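Think of it as A, B, C and D in the order they're written, each chain with its own count starting at 1.
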Amino acid sequence: MIPPIAEIGLVRESIEISPNLWDISIEAPRLASVTRAGQFAHVRVSAGFDPFLRRPLSIGPIAGDVLRLIFHIRGEGTRLLAAKRSGDTIDLIGPLGHPINVPKGHNPIIFLTGGIGVVPLQILDDQMPKERERVFILGVRSAFTIPLSLSEAMQRNILWASDDGSLGYHGNTVQLLKNVVDGLSADKKPLVIACGPAGMLRGMKKFCIERNIPSLVSLEVPMGCGVGACQSCAVPRSDGKGYYLVCKDGPVFDCLDILLETASLP
Amino acid sequence: MIPPIAEIGLVRESIEISPNLWDISIEAPRLASVTRAGQFAHVRVSAGFDPFLRRPLSIGPIAGDVLRLIFHIRGEGTRLLAAKRSGDTIDLIGPLGHPINVPKGHNPIIFLTGGIGVVPLQILDDQMPKERERVFILGVRSAFTIPLSLSEAMQRNILWASDDGSLGYHGNTVQLLKNVVDGLSADKKPLVIACGPAGMLRGMKKFCIERNIPSLVSLEVPMGCGVGACQSCAVPRSDGKGYYLVCKDGPVFDCLDILLETASLP
Amino acid sequence: MTTDFNVAMSGLNFRTPLLTGSGTFGYGDEFLSLIDYAPFGGIVTKSLSVRPRPGNPPPRICETPGGGVINSIGLANPGVEAFLAEKAGILPVKETKVFLSIFGETVEEFVTVMSRLETLEGISGYELNLSCPNVKQGGISIGGDSSAIAETVRECRNITDKFIAVKLTPHHTQVAPLAEAAAKNGASALTMINTLVGMMIDVETRMPLLGTVTGGYSGLPLKPVALAKVWQASKAVDIPIWASGGIVNGLDCIEFLLAGATGLQLGSVLFADPYSPGRILEEMDDYCRRHGVKSVEELIGALEKP
Amino acid sequence: MTTDFNVAMSGLNFRTPLLTGSGTFGYGDEFLSLIDYAPFGGIVTKSLSVRPRPGNPPPRICETPGGGVINSIGLANPGVEAFLAEKAGILPVKETKVFLSIFGETVEEFVTVMSRLETLEGISGYELNLSCPNVKQGGISIGGDSSAIAETVRECRNITDKFIAVKLTPHHTQVAPLAEAAAKNGASALTMINTLVGMMIDVETRMPLLGTVTGGYSGLPLKPVALAKVWQASKAVDIPIWASGGIVNGLDCIEFLLAGATGLQLGSVLFADPYSPGRILEEMDDYCRRHGVKSVEELIGALEKP
């Protein structure tokens, strides 16, 4: 694993892609060249100390020297970040966490994403060898709140699920996953990689255990240091041996390794 | 004394009359109609609570419905106030403190002011019967940092003192006061009313005691409530009986009543 | 407003949970021309002692970054006799419930002051200040010792049937022994908390910003500490808790109710925004409507388990 | 930079007064790729206990308005044996002085951990954590009792000649008895202060923001409390004081030096700004130049009388 580096990125562009959903392109050549799918940056949101902590954000699609952060405005930190404009700088620490290691011998790889959870998996989609079979599921509230640009959405072969039925499958992503899995021929050995709201992850885990399908999840929990020093980002291990640290041991875990059922996820 | 009232004033104009010295005109008809010379307003500087406290500011010259606050930027509170623009509102409590009561039988009344200390005495100058003899001394650092507009300066018959000699008397206001007093005929019974930096007030008190001249001072101390409820604004009494409250008993005191020598003044 | 703000506490009914913090509202008259007292369930007056106390050398108040205030008033008050002679008449007993705060350096002083105050009409009760950080003796030192608390409360309870709130400092490692000492000996409520001990320095002059160097730290930074102490105290005893520390808006009040408070004291906020009582009730009402809460009593101690 | 940052303390020379706060810098290796360790006079590692501690149920960290942080890590650590086997090799003893923080529920546990750690090379000393708010036993309760402090420090002093800092909680009414208990029994320094107990609630979900409901409150709001405790402790004892609480910039450091601190711990600030050690030295240097201060030692305890 590459040790974390510090980089002051330069904002190139900042777009509100749908209400309260922002996509910032940042020139950060060192980070852009070493980051791999699944890793995140710890982002300073204020020059002062209120809010005090950095915000962890997945590193989104990378093009040349430019990486993207795509995020929902949730509170003060993301609000400040959304106020950054072209020419502003952003203090980044990264790449943090382990890259997603897609185990061999599975096919198709099913990306199960909900809302903003699409971000870390876009970069995996880009970096995974073209020949690997994949299914990209993305769940949204409605056709009006999609977490990527139209051209990106077209580029990827996305199976949509929407709560209100306005885009693709009418229902939640776990139901759509079930349909997808049911439609696979018996010789397929699917693997699910999921990122999204806690409810989706729990539903997915239950389904995958029932069907004996291996699955990985990318987790979001509050963080202090982001580099494994403070133990703020604990998730309970399923073997009863205490906790994993999301920033150091994750953010992507095999579902069977963690107690997703009882983990407190924001 | 009129009990304090609450009024949301409307900023009419905000001018930086010299570097970091601001003069804000505020439409506040109720306050403008009842305020008398020497009283102050307790001014909310932030809609939130950081900085937490209001700032006490003398109510400056009043014209019709409009009163003025004239202040130096010292810290965060006055900085926020200086950022107010025409059309903004200001939450004011006032008029606070006792009006200056100019005792009968004295002449001339000598206004001894230093820098921003001119503010409460301008309104006294305006409200005092025209026929009363007065001398208006104003000390400044230099001709470039005068705390009133040129037209106002011309209007009043000001004796200037400046530290650098660029305006009027070259020296401090207490030296000029001495010259003024020395030039008075023996039948005069002067009274000094002073407002300005602590050093000036202490020098004035010493001189006035030597010459047996009565003197009043307007004091500035940190305040909490501004209305006599919290006891934050204490100044030591010279009779040893504890403290006076600047907001309730002042802000103007007879020099002999307070221990100006040891009082902690910002 | 549609929410029912009535709260019952130890035999008294309060029209709202809002109270004032002792020392921030004088003897209750200074704000009469400025604000309506109807939003208050009651007010708590500046602490009174046996003898007059001139208070501490100034400066007595400063601010900290992040919305804090530090004061070192030093319990300046005219003493109980001068109070009875000059100030008792101004108490706003018609406008709202009045609780008189008492401070003593010894148990006897608490008792002496209270027995003199018992002669007054229209008073709803007392708050015992066992927690002032700005005096050398009494207060915070009595307030850190459960047997001294027990004795003080017991002796005071002996001479009055009125409401007695006992105000504690956050400077203790375990709240339970202190809270129990008060509750078992007749306290009607606990006030959690008095100020923390704090200090600021002007690095340019190398001088402390307060005449006494340290003072009592209140305002926004106190809220998380007060919440923790309210919650711990409400687990330890059954008597109602009055919350004090950093309340500036309606959602702060909701937090304190959920943590187990029944009374909510507005302290420093009254300096910045004396109109806050009305605003805060509206903000609470708004929350209650959004969450289908009919009466604020439903919220008391209704914290969900993590 | 022209200022002399060297400070001598109880026989050790530190190239700067800057230290890390235990628990915010792990065992000292995590930041190696990010920052230069030269600005540190020393680092203090995460508290170690006899047995491994998994730590508290998450969530373990949240923020408060006004620049506060609350954590409920619960002293998660691998235990002294696993530390010796797996982590001791990573201690940055080449880069800076290393002080190992120790936590125990009893005096014996402190002694056990320290005697095992005494086998390590290159360690400059220890910090005894007598003040963790996030565990039920030990820590804050030992730390509130001067005889327990005296015994713990004495027993530890019996088995080591190295530097021993003793870290105290702000949750006490009088610092002097606690500080003296440590100083008289062999402490080389006092660390003032550990976190306050704090709490936050999400009013929408009615849930506390931490899995353990309450946690340790650090960051900007802690500074005035830490300053007061540093000042009080420096009056009470002659041993050096390590300041901990809300330091984020060079002027904060100047304040703590004036109040009587010799060491300056950077805690939560390292999360927001791991590069702060270098920046802070520059800011201190700037102040010292403006004020004609040649060596930071001139500033220690140089508070002017009000």
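Heads up, the rule we're going with is that contacts are C-beta pairs under 8 Å (C-beta built on N, C-alpha and C of every residue); 3 or more make two chains touch, one makes a residue touch a chain.
Not measured: the values here are computed from a predicted model.
Asks: Under the touch criterion given at the top, what is the topological distance in steps from chain A to chain C?
Replies: Minimum number of steps from chain A to chain C: 2.
Asks: Two chains share more C-beta contact pairs than any other pair here; which two are they?
Replies: Going pair by pair, the biggest contact count turns up for C-D.
Asks: Based on the averaged CA atom positions, which chain is farthest from chain C?
Replies: Of all the other chains, the one whose centre lies farthest from chain C is A.
Asks: From the C-alpha centre of chain A to that of chain D, how far is it in Å?
Replies: That pair's centroid distance is 36 Å.
Asks: Taking each chain's centre as the mean of its CA atoms, how far is chain C from chain D in angstrom?
Replies: 33
Asks: When the C-alpha atoms of chain B and chain D are each averaged to a single point, how far apart are the two points in Å?
Replies: Taking the average C-alpha coordinate of chain B and of chain D, the gap between them is 48 Å.
Asks: Listing for chain A: what residues touch at least two other chains?
Replies: 50, 264 - these are the residues of chain A that touch more than one other chain.
Asks: Would you give the residues of chain D that are in contact with at least 2 other chains, written as numbers and ranges?
Replies: Residues 57, 59, 65-68, 211, 220, 306 of chain D touch two or more partner chains.
Asks: Quick one: label the inter-chain contact graph as line, ring, star, complete or other.
Replies: Per interface graph, the chains form a line.
Asks: If I apply the definition of touch given earlier, which pairs of chains qualify?
Replies: All chain pairs meeting the touch criterion are A-D, B-C, C-D.
Asks: Spell out the part of chain B that touches chain C in their complex, as residue ranges.
Replies: 3-6, 44, 48-54, 93, 221-236, 241-243, 263-264, 266
Asks: For chain D, which residues are in contact with chain C within the complex?
Replies: Those in contact with chain C are residues 57, 59, 64-68, 70, 140-141, 143-144, 169-174, 196-201, 203, 205-208, 210-214, 217, 220-221, 223-225, 227-229, 231-232, 251, 254-255, 258-259, 287, 302-304, 306.
Asks: Report the residues of chain C in contact with chain B in the complex, numbered from low to high.
Replies: Touching chain B from chain C are residues 23-26, 30-35, 46, 52, 54-55, 57-63, 65-69, 71, 73, 76, 211, 219-220, 248, 268-275.
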